[in-house]
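Can you read through this structure? Questions will come right after.
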Amino acid sequence: MKLIIAIVKPFKLDDVREALVSAGVEGLTVSEVKGYGRQKGQTEIYRGAEYQVNFVPKVKLEAVVDDAAAAKAVEAIKAAAATGKIGDGKIFVVNVEDAVRIRTGETGAAAL
Amino acid sequence: MKLIIAIVKPFKLDDVREALVSAGVEGLTVSEVKGYGRQKGQTEIYRGAEYQVNFVPKVKLEAVVDDAAAAKAVEAIKAAAATGKIGDGKIFVVNVEDAVRIRTGETGAAAL
Amino acid sequence: MKLIIAIVKPFKLDDVREALVSAGVEGLTVSEVKGYGRQKGQTEIYRGAEYQVNFVPKVKLEAVVDDAAAAKAVEAIKAAAATGKIGDGKIFVVNVEDAVRIRTGETGAAAL
Amino acid sequence: MMSLKFKGLAGLMLAAAIVGAPVASAWAQEAPPPAEAMMEAPAEEAAPIAEAAPVEEAAVEEEVATIDAGDTAWMLTSTALVLMMTIPGLALFYGGMVRKKNVIATVAQSFAITAVMSVLWMVVGYSLAFSENSNPALQPFVGGLSNAFLAGVAYDGVSGTIPEYLFVVFQMTFFIITPALITGAFAERMKFSAMLMFMVLWSLVVYAPVCHWIWGGGFLSDEGVLDFAGGTVVHINAGVAGLVCAIVLGKRKGYGVDNMAPHNLVLTMIGAAMLWVGWFGFNAGSALAANGLAAVAMLNTQVAAAGAILSWLVIEWVERKKPGMLGMASGAIAGLVAITPAAGFVSPQGALIIGLVGGAAAYVGAVWLKKLLKYDDSLDVFGVHGIAGIVGAILTGVLADAVIAGEETAAAANAGTQFIGVLGTVAWSGIASFVILMICKFTVGLRVSEEEEVEGLDLSQHGESVHS
Amino acid sequence: MMSLKFKGLAGLMLAAAIVGAPVASAWAQEAPPPAEAMMEAPAEEAAPIAEAAPVEEAAVEEEVATIDAGDTAWMLTSTALVLMMTIPGLALFYGGMVRKKNVIATVAQSFAITAVMSVLWMVVGYSLAFSENSNPALQPFVGGLSNAFLAGVAYDGVSGTIPEYLFVVFQMTFFIITPALITGAFAERMKFSAMLMFMVLWSLVVYAPVCHWIWGGGFLSDEGVLDFAGGTVVHINAGVAGLVCAIVLGKRKGYGVDNMAPHNLVLTMIGAAMLWVGWFGFNAGSALAANGLAAVAMLNTQVAAAGAILSWLVIEWVERKKPGMLGMASGAIAGLVAITPAAGFVSPQGALIIGLVGGAAAYVGAVWLKKLLKYDDSLDVFGVHGIAGIVGAILTGVLADAVIAGEETAAAANAGTQFIGVLGTVAWSGIASFVILMICKFTVGLRVSEEEEVEGLDLSQHGESVHS
Amino acid sequence: MMSLKFKGLAGLMLAAAIVGAPVASAWAQEAPPPAEAMMEAPAEEAAPIAEAAPVEEAAVEEEVATIDAGDTAWMLTSTALVLMMTIPGLALFYGGMVRKKNVIATVAQSFAITAVMSVLWMVVGYSLAFSENSNPALQPFVGGLSNAFLAGVAYDGVSGTIPEYLFVVFQMTFFIITPALITGAFAERMKFSAMLMFMVLWSLVVYAPVCHWIWGGGFLSDEGVLDFAGGTVVHINAGVAGLVCAIVLGKRKGYGVDNMAPHNLVLTMIGAAMLWVGWFGFNAGSALAANGLAAVAMLNTQVAAAGAILSWLVIEWVERKKPGMLGMASGAIAGLVAITPAAGFVSPQGALIIGLVGGAAAYVGAVWLKKLLKYDDSLDVFGVHGIAGIVGAILTGVLADAVIAGEETAAAANAGTQFIGVLGTVAWSGIASFVILMICKFTVGLRVSEEEEVEGLDLSQHGESVHS
């Protein structure tokens, strides 16, 4: 199994979720994160004091999928999250050794 | 070493933490996340406009443990987090290559 | 490629980011998390009712870097995040199988 | 879900029927006199209050009652201030103390009560509290129905030196805040429908009579019980009802185990501050005029609130090591409650004493007593309003000042008489609240399901949540 | 970015020039009389209001007008209350309903409007609304410029029984809140610069004349149109302008698809509550005195708000299964709007009816009508203020009570006349708002860019954000 | 930890002893006359204010002083409004500007100060500010102790046309807000115990005397310094003390490096709005009556606030490219500060000028000056209150209007005299604040530890935090 980590623009969240679901992914977990990269943050100025906000709001999606489904899932995210502008984000793939569904105790691909 | 990622119901957080501690896990890190899966979110209606909230609040626990302790930790989480109802969550196990304790510079299992 | 996960004290975030950038890391993703470990949380008492806050606020940095750059990045974090006091945090290293830059479709090290 | 709610509505109607039946029959018997004939009556009805609160010039005893623009201006303002106490004041005070998942439900309770009570006061509450009961045997205990739907309350009616309509709406704001205070006791677990039903019944069966006893010419005013602005009528009354609710409903799921820390004490601070500011309308407004009595009541209110904060602060600093914002807000409310019955009877020096004692007493009530007796009065309605209210009521008897209260009143005032007032109110509020809860329990049911409680009342009761 | 903003400023100046030109020429023609000679005028100008709102004693007709301290006290208070309605009241009511990324921008609109309108009222607004136009052909439609910069408004001038300056500042608060109400219709998408420009023009071209029509001795008051506190002048006027704005600006990006749930209904609750409390100043303050009329207006206000909440609550409970906080807040505002034109003309019983009907009507407007017609009136300015305003205006004609409104006024009152008032206001506000929007569109542009809309107006318009 | 706090308490007691010693000896020497003999005095004491604020009818000079219900109504209201300025107004204004980890601690400061100052005013503050010092050599500088614990302040005492107790509580609210204003300067780093100790000493050693100088018959009123509602007594005084605090305490850890952006400008907006609304009580209330003077003071207040917002908005729009909510809130406060000394002396046209200039000056103070001089006045107490206060004080001398201020006063008014008032206050507040800080520093210590500062004051000082 693979853990697919995608960092995307917040307003793309629903598009990406739908794309993943269409690609057969049945579950995923989302966190609000702040990103640093080529896309730079805003500067906020309050009474003359500048605060460089170095981070840009992003969302991180994590979905564990079957080895076979990984490539398709990556493609789905890529297609749905792209705007072509800087800051579109990244996808990382990490190997997962085991998965468990807490409710049933199922393990492996059956747990996803 | 293994990174154990558990996504569980928020009100189970303290139970799971205690279970892990009993199982010998000495440290862990928690994030508030939103989950998508079989358990569906609420629909909120404001002045007739429906907003489908697709995500359910969950917490994600991450604990890095010794290879030997991994199975026991997974069991502990499973036991503590289960309610038997849909949405109980998942546990994923990922291999970790190295760990460092920043304060002391210790590495490997000693860093946990 | 390696995913470097660092859990550090919140007020060290900017220092660590700068250190990583100096070490050649071009992107990273940050989440606000709560940590449990040797450093204990506060007890809050409201009208005589004690609430043990078991968790301490931490930030989690995730940066995917080239295999070659991993050691240097770990060193940079270690140096920048250390205060010598309990609760300084941990660094974990996980193997990453693939990376994609959504905007361009580049993969592998080029995507970072 | 649908059926659940209809059960709720049905229960409400049932409740209305229960109340309505005697009301209707009483109505039929009383044969209310035509509006014109009633015109004088309200001025008389207001008299007991005027007596209890001696004004410098005995305006009410003049032959022709006329409206004073200055007094009217102040009472218009006071009405606005007391409304502000409930919304947004109390709503925020309580809203900040609950967990985030229950904040909307908590503020919604105060808001809904404001609406329901306003209409109910007009329909029958005012009449039950302030009209003369045509049955002399009942008059000591409850008003009649002659002013139901404000029949017989005239546009040019005068109450003391203010328009009668203004007296109606000023007292309406007391009718609103009293049930709203109770909601703190069962916060985070009661069904919205059950809450509404309970409050409708409680306000008619408990508040209106108790108000009549003391301010409507009932038996406690005959006894000489002093209650300037509602220490007994409002605070003890609500405090005891709250205690009964807390015990009957039982503890919140996870009480003593889960983290139930107040989610946002900034909201609580705003609420406490608005309660404080609004209390000027409550206490100084209870002079029913813009005069020296209103002035001393305002000064007393301020000094007592401040004194009680200092008490709480010092005790907490010693016991808890750190003085907290919640403690100061609690102290403020405790002091305001304690001075309420006394505001127009004691000197500022007396007020300071009442504040200092009231603050300490409420600390004991909310922190020590609750721990000891192990009930879950979520936001300490009894601990703060009940205890400080009782302390204030008793001290009013002790500290009544001849210069402020008038020689006669001050001489007659004593802790014993005050205690009778406390006792009567505790007994009636306690028993009746229990019975009403039972009625609600076996019609609409009191508590939300466990699952709904875990999910939070915002979503389960209102389908709304805070997104931030 | 810089150039963009300068474009904005340039537009603003252009707008000033557009308005300024006729103003300047009118000024030149009018040759305003020296200040002393004007001293009497304002008292006369205020008379139409006094007529529309019969006071018990016809103070204004006394030979020597004098100030009554009681009336003055209440009007000082009322002014503070109405200011509080806009900031922080309306700002929070709206701020809680938008998404978190737009909350600062939303509250900033009310705040900025408060500043701009205050100055504008002094500069020319007051004069256009309340001065006598020296051209008798224009007088039915708009005031003159004789009071521009408050020339001719004297320190010792008296308006009714209050200082003239007080009348100026009390009416100023109405001039502030009316445009601020409109901002709800185009929330989350309009440029700050365009918003300012629109409001400057709208307040002078729409508000000031309509105010003159009804309260400044204009043609609608001659027609006998009744509007006690601004149902037509304020609420229908703003509601219709809001509708036009919503349609012209178009829907928010993602409307019907993205989650646009109110981000914090606690803020909305605070706002609704402060609007409610402040409305006592609005309605009871419109009696311009602390008397029986103010008292009944306050009671009516309270009862109508409560009644409308109950209407909304019940309908929502049936239709949506759960009654919500947003619904109760909306109901409250609907009831307050509906009673506004009637507050000093109907009995409390009539007020209850107006509240019940107004709440239901606004529900229809905000929930059903908007869905049906598919415009994006973000926060339902038309649905709530427009619809409830129209219902209230008509019902004022039907329910005017001889005892409260006076026999003559009540006899003359009828739905038909009221409808003329509604029609005139709808037409003028609708057409003029459209034209002004077009002017803004082709100078500074109306909407922020798509990217800015996605990022949120807090950052894009103000460079600020909420960090929590 | 425990010991730390006890050190704090000990310091407090020490401070009390320091103040108490001379107080006690003075008390012994003065042999205060029995209460009855004092009854007239307060009316006389109030006279300087009445002189400074010419009322239409010289009510205070009548043979028998009587209470006017209208004036009393307005002053009761004003007192409520000024209390609202501090809590929740100022608490929120400041609370929104700090980082989230310090918000509870920040609002707690205003709340605690409200409690402490209320009691302190009763105990000795009122007497030091407003009583006649029996030692004629001291009378120009500070009041005596004859009114300590409100001895000699009678229930039927009259101050002008209002009850004396009302004058006491109205002035109490000024005694509360002034130290609370200072807290903005050292926000996010001062110990709660040190803060309390500093404020107790400062209010007695600085506020009470300066108040006496100008309003209590002291030397500045003899000089003819004009200060209608506290531009000098309150704002310059607090602004200078704030500057000294900021410099002595030093910068916040991470200043200029860490992100210290205001965490929630919605709170700041609410606070600014409530300050604004409350300021009507502050300024129009300082007329001490409901009359034409109060009316013009209210109109002036509104116009100046609005004008200052426009100034700030335009400058910021040009310099920062985007106009912000914080800017508008800051501008509002600046305008309100600037008009405070002038509110009852200038015409509305003059008020607009004062607002425009005051807003611009405060921008310079808060944005440019602070950058230049590199002190960390966290929330710009000096930049806004100090600078705008000075500008307002001077302009009062320039713009005093014969019609409003009275011919004599206006003729005598001049910038030079005003400057003397400014200078005296700056000097005394500056020096004494420094000395008091030193006392605190070497007893309880001023700053929290670095670790506590990083953790946030909410947890470290109060053991509480916002959970959302």
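Think of it as A, B, C, D, E and F in the order they're written, each chain with its own count starting at 1.
Going forward, a contact is a pair of C-beta atoms (placed from the backbone, for glycine too) under 8 Å apart; a residue touches a chain by one contact, two chains touch by 3 or more.
The structure presented is a predicted model; accordingly, all values stated were derived computationally and were not measured.
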*asked:* Using the touch definition from the top, how many steps at minimum link subunit C to subunit F?
replied: 1
_Co-neighbours of subunit E and subunit A - touch as defined_ = B, F
_Pair in A-F, A-E or C-F that repeats C-D, with over half of contact pairs matching by residue number_ = A-F
_Contact counts by the stated rule: is the higher one at A-F or A-B?_
A-B
*Return the distance between the CA-based centres of subunit B and subunit E, expressed in whole Å.*
53
*asked:* Report the inter-centroid distance (CA atoms only) between subunit B and subunit C in whole Å.
replied: 17
*Can you list the residues of subunit C that touch 2 or more other chains?*
14, 31, 44-46, 94-95
*Could you tell me which residues belong to subunit F and also touch two or more other chains?*
68-71, 73-74, 77, 261-262, 270, 290, 320, 324, 326, 463-464, 466, 468
_All chain pairs that touch each other_ = A-B, A-C, A-E, A-F, B-C, B-D, B-E, C-D, C-F, D-E, D-F, E-F
*Across the complex, what residues on subunit B touch subunit A?*
2, 5-8, 31-38, 54-55, 58, 60, 74, 77-78, 81-95
*Residues of subunit F touching subunit A in their complex?*
259-262, 320, 324, 326-327, 330, 366-368, 370-371, 380, 383
_Complex contact set, residues of subunit F against subunit C_ = 254, 257-258, 454, 459, 463-465
*State the interface residues of subunit F toward subunit D in the complex, per the touch definition above.*
1-2, 5, 9, 67-74, 76-77, 79-80, 83-84, 87-88, 91-92, 95, 103-104, 107-108, 111-112, 114-119, 122, 149-150, 154-156, 162-166, 168-169, 172, 192, 267, 270, 290, 461-464, 466-468
*Of all residues in subunit F, those that touch subunit E in their complex*: 56, 68-71, 73-74, 77, 81, 99-100, 261-266, 269-270, 272-274, 276-277, 280-281, 284, 289-292, 294-296, 298-299, 302-303, 305-307, 309-310, 313, 317, 320-326, 328-329, 331-332, 347-349, 352, 403-404, 466, 468
